[in-house]
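In the part that follows, the structures are each spelled out as structure tokens.
Shared between the two complexes below is chain A, which has chain B as its partner in the first and chain C in the second.
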Partner chain A sequence: MNQLSYDLRVIWACARKEIQSALTERFATALGIFLPVNFLILFSLFALSGGLAPTAVVMADSGPLAQQFYQAMAHAHSFRLQTAGAQQAQALLQSGQIVAVVTIPAEFDTSLAAGQPVQVGVQINNLNTDFTNDIRRAVPLSISAFYAQAFPRAVTVTADEHDLLAQDTDYIPYLTVSILVIALMVGGLIQSGTAAAGEWEKATIKELLLSPASRWAITVGKMLGAFLMGLLSTGVVLLVLVLVVGVWPLHWVAVISFTLLTLLIFTAYGTLLGTLLKQRQAFVALALATSLPLFFLSGAFGPISFFSIPLLELIAKIFPVYYAIVLQQYAFHGFNLNTLSVSVNALVLAGYALAVIVLAVIVLRRTTVAN
Partner chain B sequence: MTVQTSLPRRPARAAAPASGPAIELIELTKIFGRFTAVDRLSLTVQQGEIFGLLGPNGSGKTTTINMLSGLSVPTSGHVKVLGYDVRRQTRQVRQLLGAVPQETALYEELTAWTNMDFHAELFGIPAAEKKARITAMLELAQLLDRKDSRVQTFSGGMKRRLALARALLHDPKLIYLDEPTLGVDVQARRVIWDYILGLREQGKTVLITTNYLEEAEALCERLAIIDHGRLIAVDTPGHLKQTYGGRVVELETQQPLAVVDGLRALAGVLDIKQDGAHLTVNTTGAEHVVSAVVNLVSQTAELRDIAIHEPALEEIFLRLTGKALRD
Partner chain C sequence: MHPSTVRVIWAIYRKDLAVWWQNRVSLVASIMPVVGFLVVQAVGAAAVGRNPVALVTLDSGPAGQQMQQIIHTADVFRLTDATPEQAQALLHDLRVAAVITIPADFTQRVLAHDPAPVEVTLNNLNLDFANDIRRAVPDAITQYYAAQGSASPIKVTIRETDLRQRDIQFFQYNVLPLLVLLLVLNGLVTSGIAAAREWESRTVKEMLLAPIPGRGIILGKVLAGFTVTFLLGLLMLLMGAALDWTRPAGVEWLTSLMIIALVSFMATGLGVAVGAAVQHIQPVTGLSINVAFYLFFLAGGIGVLAFQPAWLQAVAVFNPLAYGVHALQMAVFYGSTDQLGRDMLVLSLCSLAALGLGALSLRRGISA
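Then we have the complex of A and B:
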């Protein structure tokens, strides 16, 4: 048996041992798989709850112009509309089930036809300025849109919109693709980091370090095991994304490639941090404490170039999460969020992967046991 | 039982020299910050020996064997194992070394077989031999019937036996056992001792660290007593007793003695304990002392019984280090 065969044997043995160990801890394995899915659900709920303002429309006039006004509101991308009677609408507002009541007054059509002013009543539950401001912006916009359609000659200033992309991307599909990256980050980190730190906590590290096997083969083997376990959670997240959320990728091969590359980076990061920290509890706390800020920082909700603080943009570019989000948005939706080409973004990510793997190997090579 | 191991060609299977020391520690020192764990320790262990490192907790035993196996880097000094420099030829040393750490380092969530199989893979035992060797080792450790049980279901003694079987799987020339019977009941301890004694018959060199004197006495051909990382004494248990222990004279008289002060004044008498008609006299061991004690006592009282014996190793340890072993 030559050195390469021996090293490959060690790699596979370490990977297999990682998987066997992980599978014996069923609760931890289930947690490792569903924690990333949990993030998907959590952020989707967050996006859903903050997306459209639930609003009741009281149609005191049901003429064609009133109907047209209702349609203008429906297309404003700000309301989740329902029609209601005046009393019912009040009850909904008072009970906190809706944010606003918009009342289209009686004789709406007649007054407009006569060129008389009309007041559309707007009652707002202003307990949350996020929703309140949505309503304050969207009602005048709906009025403008209605006028542009109903009385085109009366509106002399209109927007001449030219879209950069062929189609709009809804907020949820945009956000869930970013969430795939955090799922890979958390899944990869937790799986590999707890395994690496566990070797120290249980003192089994001595079995590894006292063997003649190369430290690099041991490290790579441990990473491979965690990577393969991480694929389980990745598969589940991807299935939820495609089948439940309904986001269908434009480039499947790119999705799979970038997913594997991202998982590899965070598996290596986990191994590195777990080896350094040597304690599972400390590792999990650190992993979660860094994952969430990195996620928010790295353009999960929109391009980082939209940040008003340039320093934040600079910090985001230091970490691989940013490049992973850029690449996944491309793979799913076809657009590029930065000025680098897709290949350069992918190369940057691959560079991170290589660097972290090498660093993890160096750390284990230099590791000694105090007692 | 001897098992041949075939390790990968590259790195070459380290060959153990036919003669020469198994372990050489030369001025070995390990300093952690301001704490000196091992202080210029020099020792030689011959091949085929069962050698004991004896010392209280924190005396530097485990630090010493960590440096011996390359798990820890010495601050200064050198370690050679079967002629190989541990720092420069670590892989060769590890091929020749079988280790049973204090914590056993077993994957408790996995089965006994899986633990052995993993070890076989790490040490490159050929696939064709692997199954037979694992079976043989588990049989030797009397654990074959529990091969598919998770280690976490094993008793302390079973875990120690499994760790020992695993350490022997790749047929090492030198085996170190760090506190091999720590936390093990008396019956299981006996089984482990027999197992260790069996290794000597296979020509293996065994290094044991222990703070059980009974264990050191039962197993070790030579002992090194260390304290605060320093070598206090090294010799066979018998010589240690002769050199540092002297003799203990136990006397039983018809009635309690009144000549105790006279005995205490005798040259070579270290300590006297009187319990009614029973007298225990610790002496330096010089030849004339015992007869002088007996003569003086017999002049003043009728002797009913005399017993002369060597002191326990515990007393030697106490004398050399000024403290009990498990302080």
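Then we have the complex of A and C:
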């Protein structure tokens, strides 16, 4: 009992010391708190580019069919349209303000009324195949939609769409939830890892190792301090996500539970890596360098099974980031992104947390002052 | 310039390069995010724009078979032919994003000129995937009608003209923004750490007490940071050329190297300014990485600037990286001098401003 009481005092003392040390280094602490928010903002910027193609439509014909064609384009969920004269459209295209010019020819209405073929001009600034192909496919979509409206009996083959979900989720609300996990990862890692490595850089680890306090109590105390500091940045990130981005969770309790669990894992990871690397600069480099590839690998953009590359899928499943994204997408949007149940995903994550905490304790237990 | 000043510059230059080589962690910090971006994009690029879809063909008639053939050759999906049960299992297990079903009476309906819908069951998790498929199915249907030639009821056809002579693959297109990110990240981190280290290790005292001119110290530091950053950029450009990702032609090599040099100078100047102002390695690293990523994403990141919201395009006007990326893309991919003068002028002025800022910050730090 006495030993337990002593260990608890050690844990609390180490946690308080971590928090006080962090608060004395104000600039680094501020960076640590706002770095996850920065990740949220920056990666959201990354997502903005996936949207609508800015396109000018040159209406050489203003007849009713031409107007209907314009409306079909406007509702194709693919273009950001503006009408323009031919010269104005060319100038906009050349200056890079738009990426395509669609020209509805003067004879559009009369030709179609007479059952004659008519060509719509599509000029594309084909900078890269990704968005160029989007435009190449969006114009046929507009033609199909136009015929469905204007000549419903002429074109009988159509797409009859049934959606699995009642409503579409926009790209930003989807992606920002994935980014929350990356922000938690970076926040947890940086907070705990720099503190752990700092003990070695400042040589204060000697005092800790030579003290009669048990190593597990020291490790847990350090993790607790970093975890409590990490809650600050977590709170800021969640506030930005909910209040600024406007993503309202379906399951609040799940959001908070999975957030705390994820933060715990990466706090433990940070302590482990910081103890192993013993250099803050090396640790920060590693933490930031791994966060980008993990962001792409772990199904941030959609279910990883859609990417059809088994190796990537396998690698992603090794890391807890993948499970954390699956759980947060469930908590925020109610999505199931893999075939495991929510409780199994949560158990996997909890298993990671336990394993990393134990590993961090073992590493510190095996450490000697001579190291 | 006095010979002794040149010797000072040379000594500081060599010293900074040697210290940098001994602290390769900063090199890792600046290279790894870019390498991570590149590797994952290279592997994942094949999946962009072509979603996994299961195709169920229940009609063995000519129209159904023709539609199946066209969906296969349309190159808009990654297709798996499946039975209805297999398709449902694939959809349930998230192996496909949609199931397209050609119904059993498709041919019969087409011949009777009755509505003949192709059923699409879509996992509309997010608009990125969902809209890709919503565009791709009508594309395939349009191709189906186009195959009928003059008998096609669709009289509206497309006459496409491309502004550029060739399409650039999605992955290739992203290499140049990433090259610029590498330059900015490395310039800021390397020079920032080199400057901050002088204060943290207190070697700045020795330099202050030495009978050497301040401008020699500043120039030596800036040149060392520039050398490392420029060489990394050159290495990445050469690697891109060797792998046929980014291969400038003829004189465009010179243009590309000039752009890389200007961005390197700008990043180095900024790095020295940040390092001398903050004077501690740890916050300098964090701050530099943040600044580099903000500059990168606010210049459009790996996207196309015209696709970004108006506010971001307005911000990018004041971001020199947007000019660097544009100039490099024009030179490397299109052999074009489109707005090259404007881009070079902006980059030159920003490089001079950053170098001035770096010199000022270092001078103030030294004299403080």
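The working rule: the second predicted complex is superposed on the first by the 360 of 371 C-alpha atoms of A that agree within 3 Å, B and C clash if a C-alpha of one lies under 4 Å from a C-alpha of the other, contacts with A are read in each partner's own complex, and residues count from 1 in each chain.
Everything that follows uses one rule, which is that a residue touches a chain if its C-beta (ideal position, glycine included) is under 8 Å from a C-beta of that chain, and two chains touch if they have at least 3 such contacts.
This structure is a prediction, so every number in the text was calculated from the model and none was measured.
Asks: May I ask you to decide whether A:Q149 touches chain B, chain C, both, or neither, giving the answer as first, second, both or neither?
Replies: neither
Asks: Looking only at chain A, is it chain B or chain C that touches more of its residues?
Replies: C
Asks: Which holds for A:E207: it touches chain B only (first), chain C only (second), both, or neither?
Replies: A:E207: touches chain B, not chain C.
Asks: Based on the superposed arrangement, let me know which partner A:Q279 touches: chain B (first), chain C (second), both, or neither?
Replies: Second partner only.
Asks: Between chain B (first) and chain C (second), which, if any, makes contact with A:Q71: first, second, both or neither?
Replies: A:Q71: touches no partner chain.
Asks: Which of the two partners, first being chain B and second being chain C, lies in contact with A:Q88: first, second, both, or neither?
Replies: A:Q88 sits against neither chain B nor chain C.
Asks: So in the superposed three-chain picture, is A:H162 touching just chain B, just chain C, both, or none of them (first/second/both/neither)?
Replies: second
Asks: Is A:T24 touching the first partner chain B, the second partner chain C, both, or neither of them?
Replies: In the superposition, A:T24 contacts chain B only.
Asks: Could you pull out which residues of chain A sit against chain B in one structure and against chain C in the other?
Replies: Residues 25 of chain A touch both chain B and chain C.
Asks: Within their complex, state which residues of chain B touch chain A.
Replies: Per the touch definition, chain B meets chain A at residues 7-11, 32, 62-63, 66, 69, 71-73, 91-92, 94-95, 97, 99, 101, 103-110, 114, 118-119, 121-124, 126, 150.
Asks: Please name which positions on chain A make contact with chain C in the complex.
Replies: It comes out as residues 25, 27-28, 31-32, 35, 38, 42, 45-46, 48-54, 69, 76-78, 93, 96-99, 111-112, 115-134, 136-141, 143-147, 151, 153-165, 168-171, 174-175, 190, 194, 279-282, 284-286, 288-290, 292-293, 296-297, 301-303, 305-309, 311-312, 335, 337-339.
Asks: Tell me, which parts of chain C touch chain A in their complex?
Replies: 23, 25-26, 28-29, 31-33, 36-37, 39-41, 43-44, 46-49, 51-52, 67, 76, 78, 91-97, 109-110, 113-132, 134-139, 141-145, 150, 153-164, 166-170, 172-173, 193, 278, 280-283, 285-287, 289-290, 293-294, 297-298, 300-309, 312, 326, 329
Asks: Spell out the part of chain A that touches chain B in their complex, as residue ranges.
Replies: 1-3, 5-6, 9-10, 12-13, 17, 20-21, 24-25, 202-213, 368-371
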